[in-house]
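Alright, structures below, take your time with them.
Both of the next two complexes hold chain A, though its partner changes from chain B to chain C.
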Partner chain A sequence: MERTKVRTATTTAVVLLLGALLTLTGLTWDVQWHEDVGPDTFFTLPHLFLYAGSAVSGIASLTAVLMTTAARRAGHAPDPTVGGVPVGVFGRTFTAPLGYLVAGSGAALFLLYGLWDQWWHGIYGFDAVIDSPPHVGLLLSIAMTLVGSVVVFGAARDQPWGRTGVFVSLAVLAGFSTIIAVAFQDVSDTVDSMHVAMAFLVLLTLFTGAGFVRKGGIAVAIGLALVQALSWWFSPWATRLYADSVGLPMRDYISGVPTMPALMPMTLIIVALLTYPVIGLAARWAPLVAGALAGALVVTAQAFQDGVVYDVPAPAVGDLLPTILAAAVLGLLAGHLGARFGQMLRLAAGDRPEGV
Partner chain B sequence: MTVRRVVTVLVTTAALLAVTAPVAGAYEPVEIVHTEKVQAGPYPIVIGFSTWPVRAMQSLDFTFAVDGGVDGKTGVLAITAPGDSWREPLARHPRKRDVWGLDVRAMQRPGDYTLTFRVDGPLGHGEGALTPLRVLDQPGPPMALSWGISTLPLLGLIAFLAIAWRRTRRRLSVPTPSR
Partner chain C sequence: MGKGIAAALVLVLLLVGSPAQADGAPVGQDTAVAQTLGGRELTVTLRRTDGAPAPLQVDVITHVGSPPGTLRLAATPAGESPTSTATINLRTGSTTAYLRVDRYGPWELELSDGTTSARIPFAVAERVSPAWERTVYGGFVAAGLFLLLSLLLATRSSKLALIPAAALVAALATATTAALLSSTIPPKSTQDRPRPPVNLAVEATATELVLTVTDSVTGRPVDDLQVHHGALIHLAIVSARGTLTHVHPVRTAPGDYRVQFAPTDPGRHTMAAEFTRLGGGQQQVRAQVDIAGEQRQPPTPAKGTVTTTPLRAGDPATLTVDFTGPDDLQPWLGMRGHLILTDDTQAVWAHVHAMATTAAAQPDETVAAYPAEVGFTFTFPHPGRYRAWFQAERGYEILTIAATFDVAP
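Our next item is the complex of A and B:
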């Protein structure tokens, strides 16, 4: 790519990722606000971060689509390393790089689910339930934007910033997916379904990283550790600062635990290092076995993490067994799917997909 | 001219935001529309509800006004719900600090609930219960429909990944070494 093109491609991709980071910041902050302080309005600062994040990602995606469309209309062939393979939208009215199309669709859906959420609150009140159906719709829309961000950076994998962006996007997606797992908390009484769902989603990102480049899984695990460390410090600090600045008191009897960062696994780097010798094998079964092993390890470690963080007794091994078994099965699936997604990501800037 | 128009639009938007923000940004006061009384030993407690009747999944403010105020008293609220039970300390309501309470809290399932108050204070220990607190069926559309609408982005993501999987299958059938 020529230098100006590289600069433009980098700028739109970085703005897209910046939007995702704003969203994650707003989300960890908002969850902590509800936990530690409580009173809520449409215009709280954490909410503004959430809205701004999706708006910034949406504008970055729209800009990239309009620039690609204008370039094609001017007779230039779209460069697939800028956001991914070009896709015709509304016939061929617009030409959208695949990554920006996915990310922008997520941002647009966020707006629609915002309206659905508003309607929901009109009927059910302004509950602070993170796993209400419209909230899950909003979270899935953000996840879609993050998947788009992974594809955008994956398309530029020949550039160092492209590979770095993939790992940052996957790490943010991993951290973000832990809150989606809360929606599964009431699925089962015998299995800790929330931990199993968290393990599946986090391992899906880890194995996507591993399938993308050789040490990619470790890079994703390190990225998640950074996200967890930063949000562990930020969310309680920002909550207290904001409460003080608007003159609201903290609740009685707060636990002091950063809620959303505590949902993220602290042991993912160790799990990645332990399973990497298996992942590195050339056999087709390697990602499956590594995934099953990683799933079992993540949920076991998470039970002890909860024990330490919330100062509660860790469950007996016998009680953990159904959870470990379920996590191993879903970890196997995460290993299989993730490894393949990582390979697919390497083709994000490939020639036109087959069949088009 | 165009620049002036853009500036006008921006200034108007900012002004509208500035005018409406205090309204949208104001914390709702707690308005009680129904009360019940419980005698927890020597402590009369008035339980206030911001919505009545209570319906499953519909959030509301609960206030627990103990006679003589909350200063110098501590307590535990034990809730027995259909198929579930839990306990939590009686904490001051965040938007009505002179009483204990639960802010924008929803009872998830319909049925009969029991709210048991255990209070310790200058007059010693007292215990009393509100039973039954009848929670009616949830309002709004059936949950299956709500979840169906809300998981559409997930279906979209799965469709996207499935199409990408199918279209890259031939090129990925030969293992490519990672870089």
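Our next item is the complex of A and C:
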């Protein structure tokens, strides 16, 4: 790759990641704001971070897509290391770098879901819950942008910044996906469905990392620990600062625990290290066993983490069993899918993706 | 691509530079209105409705000394017939009734104990999105649409992709500009112009005082009294022998307020009515009336002691009343304590409050957690003898302690 091309590819990818980081910052802050202060209008600073994050990601994606188009029109062959393989859509008449296409579509959907969200709040009021349908739409759109970011960096895996970017993006995706798990909190009473969903989503990113590079799972776990530590400090601090600056009082019953960082598993590094030898086995069942084991470990540890963080008694092992079983089954699926996704990610820069 | 970074940087700088105001979110608020209905002293709290149609929760607090009985409530759109009614059995403490409101605008809550009825005006507010809010949402949505369109055209290698891309930038610029400038737009004023003072005529019948409130300019009935310190009108009545009655006349019709009143000693009664008109500050109007009747046992004063800092005319003094017992006072009319002061000639007539909280919202009367010792600050304007009545609430009972002060020159 020529030097200017590398620089351009790095810039668009970094701006895309910057948008993702803005979004994650805005999200942890926003969740904390609703928990500790309350009033929700569109015009809070955390909301502007969320929207700005998507807008920045969207502009970066569009720029990359337009540049690819311009290069094609000028007669250059598209470079698959910029944002991934050009994909054929609708009978191979269209081409675009896959990662940027996914990320850009996610950003566009996020902006569109904003209208539904405003309508929803107009009907049901401003006492928002995190798992309202438009919110789930908004969160899935963000997840889509983050997946796009993973693909963009995955395509540049022959570069050091590309490999680093994959694990940063996967860690951001893992940290972000914990909030999606909140939407599952009312699914079941016998099973702690929120924890099971959290374990599934986090392990999916972990095993994608492990499928991409063997030590990748550990890298994702370390990245998530960094995300957790930073947001643990940032979200309550920013919430208090912002409430003070706009003259709103903090609620008098706040627990002092940062909501979203507390949902992230603290034990993921240990889980990644414990399952690392299993993943290394050549057997076809290795990712499945590693996934099931990791799922059971994550939900068990999470129950005790809640106990420590919120100062509540940890559930009895008997009550925990259904949750552990469900997490093991879904963890098995996460292991299976993650290993496949990791392999697909390695093909992101390939000229001939699987099946073509 | 440098453009993207520059745009992102500017955006971040702007965001950090001007925090958006988190205001105007929930529409309306709870309204607590003290009502002296018949022989009962009630606090009627209309909970905030979120939109319309919506349930309307009304909490009625009955104070000690009010007889049990039934109360009929009806929600009536202004000038129409009731759309929703409820009946509750009153007992000391809080009782809840559920009504429904089916439209936005002015409403009246009618309370009736069978013989007397009161009509409390209230409003069901509609949330109106200001133009800049619609611009921000519209801008972001348009940006989303243009982004999709541009991506689609770019994948077809079409030069046309640049058109929606430019539109995307314009839409984002519009939305962020509107969002960031919105904090500098002053909220639309709902404040009306101040209204003129009122004329108050008080007439005593055998059982009640009839207050006729008219506009001092037009002479027409005044119907724009606002709920102020938890009541439409606060009426403090002092008998010739120095017994205080603090009641809250009920509105029966525009400009017509009534309160049941049985004097403990006949003769001249002086009174001060405090209220606020729409758009105006607080007014205090004085009146006096001669009431015939028989000598009756005055209400027993509450237990407690009063201490003060040295009392000198012109110097702020701290008057502290200790109601003794545990720290379980309740906020009555949103305040930890009330102090009514008059001098010998009644040239001075003051109503002083001990605030419960600095927050704008009125604390809930059911919260029994305020200290038994209540402090007031007052500057006596001239020397002489003053009468004072301290009031607070405990266990839904209104406690009153009377005191006399001699103020040095």
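Here is the rule we use: the second predicted complex is superposed on the first by the 343 of 356 C-alpha atoms of A that agree within 3 Å, B and C clash if a C-alpha of one lies under 4 Å from a C-alpha of the other, contacts with A are read in each partner's own complex, and residues count from 1 in each chain.
By definition in this document, a contact is a pair of C-beta atoms (placed from the backbone, for glycine too) under 8 Å apart; a residue touches a chain by one contact, two chains touch by 3 or more.
Keep in mind the model is a prediction, meaning the values are calculated, not measured.
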item	value
When chain B and chain C are modelled together on chain A, clash or fit	clash
Touching partner for A:Phe43 - first (chain B), second (chain C), both, neither	both
Which superposed partner A:Pro134 touches (first chain B, second chain C, both, neither)	first
Which superposed partner A:Leu62 touches (first chain B, second chain C, both, neither)	second
Contacts of A:Ala96 with chain B and chain C, given as first, second, both or neither	second
Which of chain B and chain C A:Gly106 touches, first, second, both or neither	first
First, second, both or neither for A:Met144, with chain B first and chain C second	first
First (chain B), second (chain C), both or neither touched by A:His76	neither
Overlap of chain C and chain B interfaces on chain A (superposed complexes)	37, 39-44, 105, 109, 123, 125-127, 248-249
Chain A residues touching chain B - in the complex, by the definition given at the top	37-44, 102, 105-106, 109, 113, 116, 120, 123-129, 133-134, 136-137, 140-141, 143-144, 147, 211-214, 216, 248-249, 251-253, 282, 340-341, 343-344, 346-347, 350, 353-356
For the chain C and chain A complex, residues of the former touching the latter	1-2, 4-5, 7-8, 11-12, 15, 19-26, 50-51, 127, 129, 133, 136-137, 140-141, 143-145, 147-148, 150-152, 154-159, 161-162, 165, 168-169, 172, 175-176, 179, 182-183, 359
Residue numbers on chain A that touch chain C, as the complex places them	8, 11-12, 15, 18-19, 22, 37, 39-45, 47-49, 51-52, 55-56, 58-63, 65-66, 68-69, 72-73, 89, 93-96, 101, 104-105, 107-112, 114-115, 118, 122-123, 125-127, 242, 245-246, 248-249
Chain A contact footprint on chain B (complex, rising order)	21, 24-28, 51, 57-60, 89, 91-92, 94-95, 97, 103-106, 139-140, 143, 146-147, 149-154, 156-157, 160-161, 164-172, 175-176, 178-179
